[in-house]
Structure formats: structure tokens, C-alpha cells
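You will see two complexes here that share chain A, one where it goes with chain B and one where it goes with chain C.
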Partner chain A sequence: MIRLAFRNLFQNKVRLVISVGGVALALLLILSLDAIFTGVERQVTAYIEYSGADIWVSQADVRNMHMASSSLPDSVARKVKFVPGVASVSPILYLTNNVVAGDERNLAYIIGLPENTELGGPWDISSGRSLPAEGEAIINRGVAEKSGIALGDEVEILGDEFKVTGFSEGTASLVNSVAFISMKDFEEMRGSYDTISFLLVKVSDGESPEAVAARIQTQVRDVTAQTRNDFAAQERQVIKDMSTDVITIMNLIGFLIGLAVMALTVYTSTLSRRREYGMLKALGARNTDLYLTVLAQAILSVILGFLFGLALTLLLTIVIPIFGSNLVLEVSRISLLKVGSVSLVIAAISAMLPIRQIAGLDPAMVFRGR
Partner chain B sequence: MTNSSSQDETLQIAHVTKRYGSGSTEVTAVHDVSLTVSPGEIILIMGPSGSGKTTLLSMLGALLKPTEGAIQLNGTIISALAENRLPDIRLKQFGFIFQDFNLLSALTALENVAIVSELAGFKSGEARRKAASLLTELGLGERLNFLPEKLSGGEKQRVAIARALINDPALILADEPTANLDSKIGHEIMRLLRRIAKEQGRSVVIVSHDQRIKDIADRVLWLEDGEFKETVTMAIDPVCGMSVEREKAVSAEWEGEIFYFCARGCRDEFLNDPQKFLLTASQESSKKI
Partner chain C sequence: MSLARRNLFQDKTRLALSIGGVALAVMLILILKGFLTGMNRQITSYIDNSPGSIILAQEDVVNLLGATSLLPEGIIQKAETIRGVDEAIPILSQFVILDLHEKKQPAYMIGYDPKLGGGPWELISGSEPRSKREIVFDRIFADRHDLKLGDEVEVMGKDFTIVGLSSGTTSWMTSFFFVRKQDAEDLLLAPNATSFLLLTTSDGASLDDILRRLNNISGVNALTKKDMSANDIILFANIFSAPLKLMVGIAFLVGTMIVGLIIYTATVERQREYGVIKAIGAKNRFLYQIVVTQALFASIAGSALGILLANGAAQWIMSARPQFLIVFDPVDSVQALLAGLGMALIASIFPTRVMAGLAPAEVFRK
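Presenting the complex of A and B:
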């Protein structure tokens, strides 16, 4: 009966293209949206992931960077340094502001770095200096290209002028980029010299970041110490929380479009073969044999739709960056699992109506075209 | 559910009635019909439109339950069986041949036949081997992988016959099997069906309007207003080969056997030298088979 389902599916090419194409586009909507958000999550947490820190220490109860601020007294650095298992510490200052070049304003995480720091600086420099000196800024190359900024040009950050001395890669997302200035400039512009935003901690060889973070948490008061992975996970969660409604609505729309297309095509396909199914019933096919045929047809259609939708999404992941967009699409395993499950639900639901139709078929219809 | 006294008959219908609707809208489609079909016997049921032929055929094929009476197939009263047992009976005990061939348009000739065997529980490979063998026997060895749309009407009906035979049924039910065929092909198909019935001892019940196929039947029944009005037993004139109705034909007895003729001339010719015609009839008969 699987062969029959397969042949039925491929016999009418127009119907096949409509059903597979329709489902593919609906699943593309879900897949690409997931891929966009996965890409955004990856981009947003890129600074945390590439900071070189094993542990992030922040103000008590501050668990992420995005849309949050953290303020710690600089004495925390000394206290943390004495915690067993800590190899080195490096403070950073952080604010969300704009990199302004002429009329162009680009939202950015502004990071203030101490001189010669080993943690928290740009990790991939395409040209120029790798750490900013006083009066200097390192900005994202894509943002610079978009705003027409060359090395040596000036940009405005936190209301002051900075000379761009380096371009970094991988520091821009759909939401914002990361710009690096010296800690001294940051402190002067803020007018505060004895506080830091975060403390980046490197653990000694052989120490587990989890154990050291727990030690910091118990030995240093009024701080939150998290491993890099936990801190990045918190950051991703913020993005998720902010976008859950949008994703849910778009997923629902994609699901409903896919379901409508599939239900309609499976239904019309079954309707057009009503007599054939009646004949099979007359010959002795059981209802379950026929249900399986319809279900197999629907499942085959959504599998093809899923593969086609996935191919289109993967194509988008290649094509979009070519056009210089900061948008990065990343297809995750969880997304594949989710869309795969959604596809199967679509197949199962869309087969229900035709199955009911088959259940009610009178096999005696085969005589005299009744 | 079994009756040992009826083991000699493939099919036995006893006082079968089918009514549709109730009260003032009640319609009796078949009324108190009885019929016995022996193994290898070919029954042709004829009658005007609306006479109840389709209803009767549906009941014979276990597609419809009678309101009254019993239908017994090889000793099993199928009209009393639970609904969920009927598909298996239809699959293994009946072969169906339809007016419109009713082949699955997406499957090849081979697959159309094999699928019925697969439904009966045979593995795909074995089902395909059986189907190929049957189709080759029926002259379609070169058409195994053709889709129905590429086959002629006669070829389609041969595929339908192969499909009807693949599960080795006791009874073949044919609904207007020549309606969509020209007269030559229609006759060929009917002769093929007769050959199968006689060689393999399968009973065949045909419902048709086609008067030209009367000569392949052993009995012709006339159904009108849901009742059998007339039964005609057919015989072959040994002299001219014409199919004649026994009840209306001229007859003669020779060596204890009764022979039927289309006219006196044939009878006289036969009586002058019976051996000559019996030998010829026997040769003709063996040629047909």
C-alpha cells in the first residue's frame, strides 16, 4: 500500500508541486525564523563566548548583559583574585550606546578595556590595532563599511570623539555591534573611577569553572558569579523571552498555512480517487489498509516539503551574508526536530478528513458507478 | 455457519429479499430470490434496468446484506457473518470484474494484480511473481509494466480478470464485463472467462444486458421487479454450433443423451450420422479450451 501511496503522489505532478511547494514554503517560514533567532542568539552571545573568560562576575542578581547594567566596586577584583582556583581577573566597563558617524547611528555594546588586557578584547581583527589606546576605538568592520568609515576616521561614542584604529570581525548582530574603547576614556566620560561593570575571570589549569564560580559566590559578597556557558545561556534566554511571542505567532502561521495546503491537497487527492478506494474496499482491502495509504501519502508529501523547505533555508543561510547583511541564519538541531515534529502533526491532521471520507465509503459503489 | 449438505454447490441463495427504506418509502429491490450455482457453472443474469440486478450482485459479493434470506458460499453462510469478517471473505473467496475495469490508474498492470495478493497477506515478491505469471498466461506478458492508460479496453479487462483470479477465488462476479468493449473483444473476453471457469472449476455469475454473451452461459436467468421470471438453460447445437435455449429448441435423443438443435434440418442431419457431429463438437470444444 506504501507503493500505491507513492505512485498516487507522483502521478499528478501539478498537485504534487502545489502540496510539496506549499508545505515547503510554510515550513521555510518556521525554519528560517528559527534560523534567524538562532543566528541572533549566537551573534548576541559572541562577545561572551569569545571573551576568553571562564567566569563572569557581575553585580548581585545581574545575570546577563543585554538591556541590563552591572556595577561593582573595583575592590571586587582584588577579592576575587584571592579566591583559590582563580588564575587572573580583568575588569571591563560596559554600556549600550551608539557609534555615530555623520548621520549614521549604530547601536553598540560599548566596552571599556584596561590597558594590555588579555580578556574581553576583540578576538578577530581584520585591520588595524587589536586593543584601543586612549582616544581610540575599535569598531566592527561591517558597521564601518555601512557608515563609510575608514581607519583613522573619527566616530562619536558616549558623546566624545574617537579615532578608529581597528576593525573587528564577528562583533555585529542584527541588533547591535560591539565597540571597544580604553577603560580610562570610559571612566572619564562617565565621571566615575572606582567602579567596574563586570569582572572577567580565568581559572587555573585543572580547575573547573563551575567549582571556582561557586567559590567566588560564597567568598565574595554582593556578586553573581556564573560560568561563561551559564552567562551566555542567560543572555540567550533574554533574547528568547523577548521574541517568544513573535516566534510563536509566526510558527503558528506557518503551521496553519502548511496544514491548510496539505489538508486541501490530500483531501482533493482522496476525493479524486474515491472510486479507486471504493473498488479496493470491494476487493477486500480493510479500512486500515486504506487509512495507511492516505497517511503515507500525507507523510511522504510533508517529508518532501520539509526537505525542500530545509534546502531553501540552507540556501538563505548562504545567500543572505553575501548581500552584506548582519543577519546570520543558523539552523539548529532543535529547530529541525521541532519543524520535523510539526510536519508530522500536519501530515496526521491533514489525513484525518480523507480518512473519515474513506471510512464512510460504500464498497458497493463500484457497481454501476453508484 | 456451515452446512455439509450444500458442499456440492459453490453458492446457494435461499429466499433472499432486500428492501430499502421503511414505511411509505420502502422499496423492495430483490424479492424472495433463490439460486444455486455449481462449481464451474456460468450463470448469466439479465433483466431491464432497475430490476434488482445490481442489488443482487452486491449481496452475492458480500457488499450488501440481505434483509431476509441466506447466502451461503462453500458451506459458509456469509450473509450472517459480522461486518469485520467480510473483507477477508471478499479478498479470498470472490473475484470481481467490473464494467469500467476499475484498475488503479497510478499502478502498472502487474502492480494492479499484485496488490490484491499483497492485501491477502502475500509478500510483495511472491505477489508480483504470481501476478506476472497470470498476466502472461492471459497474453499480457509484454504489457506487465504498462499503466492502465496505455492499455486497450480488452487488455484492461484481461488485467481485471487476472486480478480477479490471483487469490484463487471460488466465485467470480462480473458486472457488465463487455459493456465497454467492442463485440469482437467482448466475445473473446467471455470465451476466456468460460475457459477459466471450465478448466479451473470456478463458478461465474455475470450480470449483463449483452444478449450476445448468452452462448457462453450454462444458464441464463431473467430478473424483473426483483424476481427471477424465467430460467433458460443453454445448449450448443452439435451440427451448426449455435447456442440454443433448451426449452425452445428441437431435440433428439441418441444413446440415452438428449441433444438440442436450432432447427429440424440440423436435427435430421445429426441423426443421419451422429458420430460425425459428436467428433466435430468434441474437437471444437477442445479447440476452445
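Presenting the complex of A and C:
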């Protein structure tokens, strides 16, 4: 019966292409939306992951960066430095604002860095300096290209002019980019000199970040200390919790479209093979055998559709960045599992539609020449 | 025409499936667009409903939601001395992430002075925050997290009591909540800080002149509420436009595939009949017309059903998940019908090629 399903499926190539393509596109809807959000999760945590810090210390109960504000008295740096297991600390200042070049405005995390800092700076410099001196800014290369900015040009941040002295890579997301300026400039612009936003901590060799974070948490008041992994996980959770409802709705629509395509294909192909099925019945095949053939055909189609949809999604992950978009797609294992299960459900339901056709098939029909 | 209709209506289940498939694709396109329009309306709700006609922000800040703004000290007095400015209402605002029932919820905090204004514009129940650590939450937002008047909620590590519930202050992405400005200053460790000034102007005064005079003050950027809401919409549209275009493109392709499949199958099944028609002298053009008519019917019927379905689905989504606002623009429906036409034309390509290659003699050979 599997052989028959296989032959049925491959006999008409155009129908096969259309049905597999239709299912693939419907699954692509689900896969690509998942991939977009997974990509955003990775992008928004890039700065944290590449900061070089083992522990992030923030204002009490501030657990992430994106859409958040953290303010710590600068005395915290001193207190944290004395916690056993801490090798070095580096403060950063942070807020979200625009990098303005002519008429172009690009939303960015503005990071104020202390001189010669080892933590929190740009991690991949494509050209120019790797740390900003006073009056200088390091911005994302893609953003600079889009706005026509070359090294040495000026951009405006918070009303002040900055000379662009470096271009960084991997610092742009769908939402914003990251721009680095000196801590001194940041403080002057804000008119505040005794607060920092986050404290980046490196632990001594052999120390576990979890243990040191717990120590900071108990020994320093009014702070939240989290390991880099925990901090990034919190950031990812913000995106996850925000997108759950949207993803559910889109998944449902993708599922219904996939179901409609598959049901249509299975139904039309069963209908066009009524004579053959009638012949099989006349030769003694039971209804169950025929159902299994239809089911096998549906499962084979969705497997092909799933593989094709996955290939299309992977192709999009490569093609979209080539066009200069900050949209990054990343296919996660959970998403593959989910879409795989959805495909099987689609196959099972769509195979039920022609049951009536098969059950009502008269084996004698084939001899009557109908 | 009648042949096309008969071909199409001969198998009702197939027709229903194909119309349903196109309808789902069109519904998806419409819902995505309606979703974006609704979001635009929701994100500008504070600007649209707050007092005044001008917003004063920190220099280079052109958005309410996108950027952090901190105005120079003494700005209220300076702004109020500007000719044409009637009243300056300060607010301190900032996105914060609330941890509610293990869920991370971004929310936009507005710290305001209830005596001056700038708070919730529609209180459904309770009152504005009058004492320390009191908060007004959005009704839908509170409902989603099982919160009611008198409940405590933690904001940046401090407990606040819900004293009022507001309406029209939420979206799927974020929600506005309101506290006294002093409480916001405490939370952000920024005493006397002000993010924005909401400026009311005297009757008859020229907005352009007032904006010019305000922009002469150093370290600030004055813009009309209309401009600021437009900037917020652009900011969010930039973020969502690429994924949205991708989704709409996929939906269009799916619709085209469905129409293509149905018309192709219907054509191939009737190859013999078409061969007979050709053999008795019908031109290819006549046969093409039959194919295109079938495709057009399936697509237009599917698009029309899609528009109806989209409206139904939108109502259902908004009642099940009130944080979503889906607004349909009539232009979107016209575009959906055009998309249906596009699907029909593209879907006709394959079947017409089958027709073109049909040998009239074939029918007599079988």
C-alpha cells in the first residue's frame, strides 16, 4: 500500500509540486515567524553575550536591559570589587536613544564606556578604533552604510556631535543597534556624575560565576547580581512573553492554511483515482487498505512539504541578510519539533476527508466503465 | 462562461476547499495589516489623549516610546515664560519590565502629578494615585494578570497598591501604567527628573512660532503631538515592516498555489472534453478564457469570503485577547481583492499551458 501511495503521489508531477509547495508555504509561515522571534532573541542578547562579563550587576529587581532602566550609585563598584572571587569590575552607562546622521535617525543602545575598559565594549571591529575616546563614537557598520557615514564623519547623539572613529559588527538588531561613546561624554550629556547603569564583573580564575553572583547578592545592598547566562535568559524571556500570543494566532492561521491545502490535494487526488481504487476493491482490497494508502500519501506529501518548507526557511535565513536587512531568522529545535507535529496532524486530518468517497466506492463500478 | 461555471461547480467539495484556502490566505493578509493599524493606534494612545498640543523633549529625542528623555533642570519655569505657552505639565516616563505571575511584561510607566494632569484619561473604577506607592493599571492588563483594585503589584522591587483601573491604555506589546511623579523619581533614582513637558498653548497663538521659541532653549526639542505620534508609528513600523512583508508575501503565494492546484486539476481532468472542443474548431483563446474565468471566480469568491472571515476572526481574537486591536482600513479590503485577482492570473499560467499543448486529434485516438 505504501508503494501504491508513493506511485500515486509521484505520477502527476505538477500536482505533486503544487501540493507539496502549498503545504511547504503554509509550514513556512509557522517556521519563519518562529525563526524571526528566535533571531530577535539572539540579537537582543548579543551585547550581553559578547560583553565579556561573567556577572551583570544592576539596580535591585532590574533583571534585563531591553526596555529597562537601571541606576546604581557608583559606590557599588567599590563594594562589589571587595567581594571574594571578583577579579575586576567595569561600569557602563546605558540608555536608548537615536544616532542622528542628517535626516537619518537610528535607534540605538547608547553605551558609555570607561577608558581602556576590558568589558562591555564592541567585540568585532570592522574598521577604525576599538574603544571610543572623548568626542568619539563607534557605531554599527550596517547603520553607518545605510546613513552614508564614513569614518571621520560626525553623528549626533543626545544633541552632541561625535566623530565616528570605529565601525562594529554584530551590533544591530531588528529593533536597534548599539553605539559606544566614552563614559565621560555620557555623564556630561546627562549632567549626572555619580551613578552608573550596570556593573560588569569578571570572576577570578577557578571561581564559579553562580557562587560569586550569590555572594554579591548577599553582601551588597540594593542590587541584583546575575550570571551572564541568567541575564541573557531573562532578556530572551521578555521577547518570548511578548510574542507568545502573536505566535499562537499566526500558528493557528498557518495550520488552517496548511490543512486546507493538504485536504484539497488528498481529496482531488483520491477523486481522480476512483477507478483505480474501485479496481483494488474489486480485486479484494479492504476499505482499511485503501484508507491506509490515502493516509500514507498524505503523510508522504507533508513530509516532503515539511522538508521543502524547512529548506525555504533556511534559504531565507541566508538571503534576507544579503539584502542588508537587520531581520535575522534562526530555526530552533523546538520550532522544528512543533512544525513536525503540526504536519502530522495536518496529514491525519486531511486523510479523513476522502473516507466517504472510498467507503461508498462500488467495486462493480470499474466493470461498468464509469 | 457557462462551461467554466459548470466545470467549477461540478465538484462542490473541491470548490469549497479551494475557496476556503484562498479565503484563509486573504484573511491572513488582512489580519496582519489590521493588526499593524491597530497597533499604531494603540501605541499613540497616550500622546493622542494627553493634555496640550506640544511636547517638549530632550534635544534629539523625537519619540515618546523609543528613547529615554531627560530634560534640563528648571525647564518648567523656562517653558512657561515662553510667549504662547499656557501651561507646562511635567511627566517622568520610562519603559519597565514587570514580573507578573512569572511572565515578563514590558510596561510604560508614566509618573505624573494628578493635580496638573497627564495621567489616565478614562478611569473605569477607583481613583488616581494620591498617596505614596499607589498605581493605576489598565483594566485589560490587570484582568490578564488577575489583578484587581486593592491588590499589590511589584514595580522595580517596590510594592504598589492598585487604586484605579484605566481604559484604552494597553496593547499586545505593552501597557501604560500611572504613578505619582515622585514615586517614579524614587524608582528611577532620579530626584526631580522630568522626561517630557506637555504644553498647552493659548488660544489663537501660532504653533510654529511657539515651537521656534521653545527650540531656542538649549538642550530641548519641541514638537507637536501629531509629529511625535507620527515618529512613534514610523519607529514601530520600521521594526515590524520586514516580518510583515514576509508573512504577506507567503500568504499570497499560498493563495496562488491553492487556486493553481484547483484549476490545474479541473483542467487536466477535462483534457478530453477540451480536446473535443478544440477538434470542433474552438480557438486556444476560448479555452484560455474558460481557465481564467474559473480562476477568477475561485479567487474573487475566496477573497470576498476572506474579507468576511477576517472580520469574524478579528472580532474573535479581540474578545479572546482584548489586548489586540485589529482595525481594518477599507483600502486593505480593496488590496485583498486585487491580491485575489493577482492570484487568479498567476494560477492560470500552468493550466493554460496544458491547454495550449493539447492536440485536438488526441481525443479521437483514445
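As a convention for this text, the second predicted complex is superposed on the first by the 337 of 370 C-alpha atoms of A that agree within 3 Å, B and C clash if a C-alpha of one lies under 4 Å from a C-alpha of the other, contacts with A are read in each partner's own complex, and residues count from 1 in each chain.
Here is the rule we use: a residue touches a chain if its C-beta (ideal position, glycine included) is under 8 Å from a C-beta of that chain, and two chains touch if they have at least 3 such contacts.
The model shown is predicted, which means the values in this text are computed figures rather than measured ones.
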item	value
Partner chain in contact with A:Ile346 - chain B first, chain C second, else both or neither	neither
Contacts of A:Gly284 with chain B and chain C, given as first, second, both or neither	first
Chain B versus chain C as contact partner of A:Arg7, first or second or both or neither	first
First (chain B), second (chain C), both or neither touched by A:Asp241	second
Partner chain(s) touched by A:Leu174 [first = chain B, second = chain C, both, neither]	second
Touching partner for A:Leu25 - first (chain B), second (chain C), both, neither	second
Partner chain(s) touched by A:Thr265 [first = chain B, second = chain C, both, neither]	second
Touched chain A residues, chain B compared with chain C	C
Partner chain in contact with A:Ala77 - chain B first, chain C second, else both or neither	neither
Chain B versus chain C as contact partner of A:Met67, first or second or both or neither	second
Chain C contact footprint on chain A (complex, rising order)	12, 14-15, 18-19, 21-22, 25-26, 28-29, 32-33, 36, 59-64, 67-69, 71, 73, 95-98, 100, 105, 107, 156-159, 174-175, 190-191, 195, 234, 237-238, 240-242, 245-246, 249-250, 253, 256-257, 260-261, 263-265, 267-268, 271-272, 316, 320, 325-327, 353
Residues of chain A that touch chain B when the two form their complex	1, 3-4, 7-8, 10-11, 275-276, 279-286, 289, 362-364, 366-370
Contact set on chain B toward chain A in their complex	54, 57-58, 61, 63-64, 87-92, 94, 96, 98-100, 102, 104-107, 111, 115-116, 118-120, 124, 163, 175-176
Contact set on chain C toward chain A in their complex	11, 13-14, 17-18, 20-21, 24-25, 27-28, 31, 58-63, 66-68, 70, 72-73, 94-97, 99, 103-106, 154, 156-157, 172-174, 188-190, 219, 235, 239, 242-243, 246-247, 250-251, 253-254, 257-258, 260-262, 264-265, 268-269, 317, 321, 323-324, 350
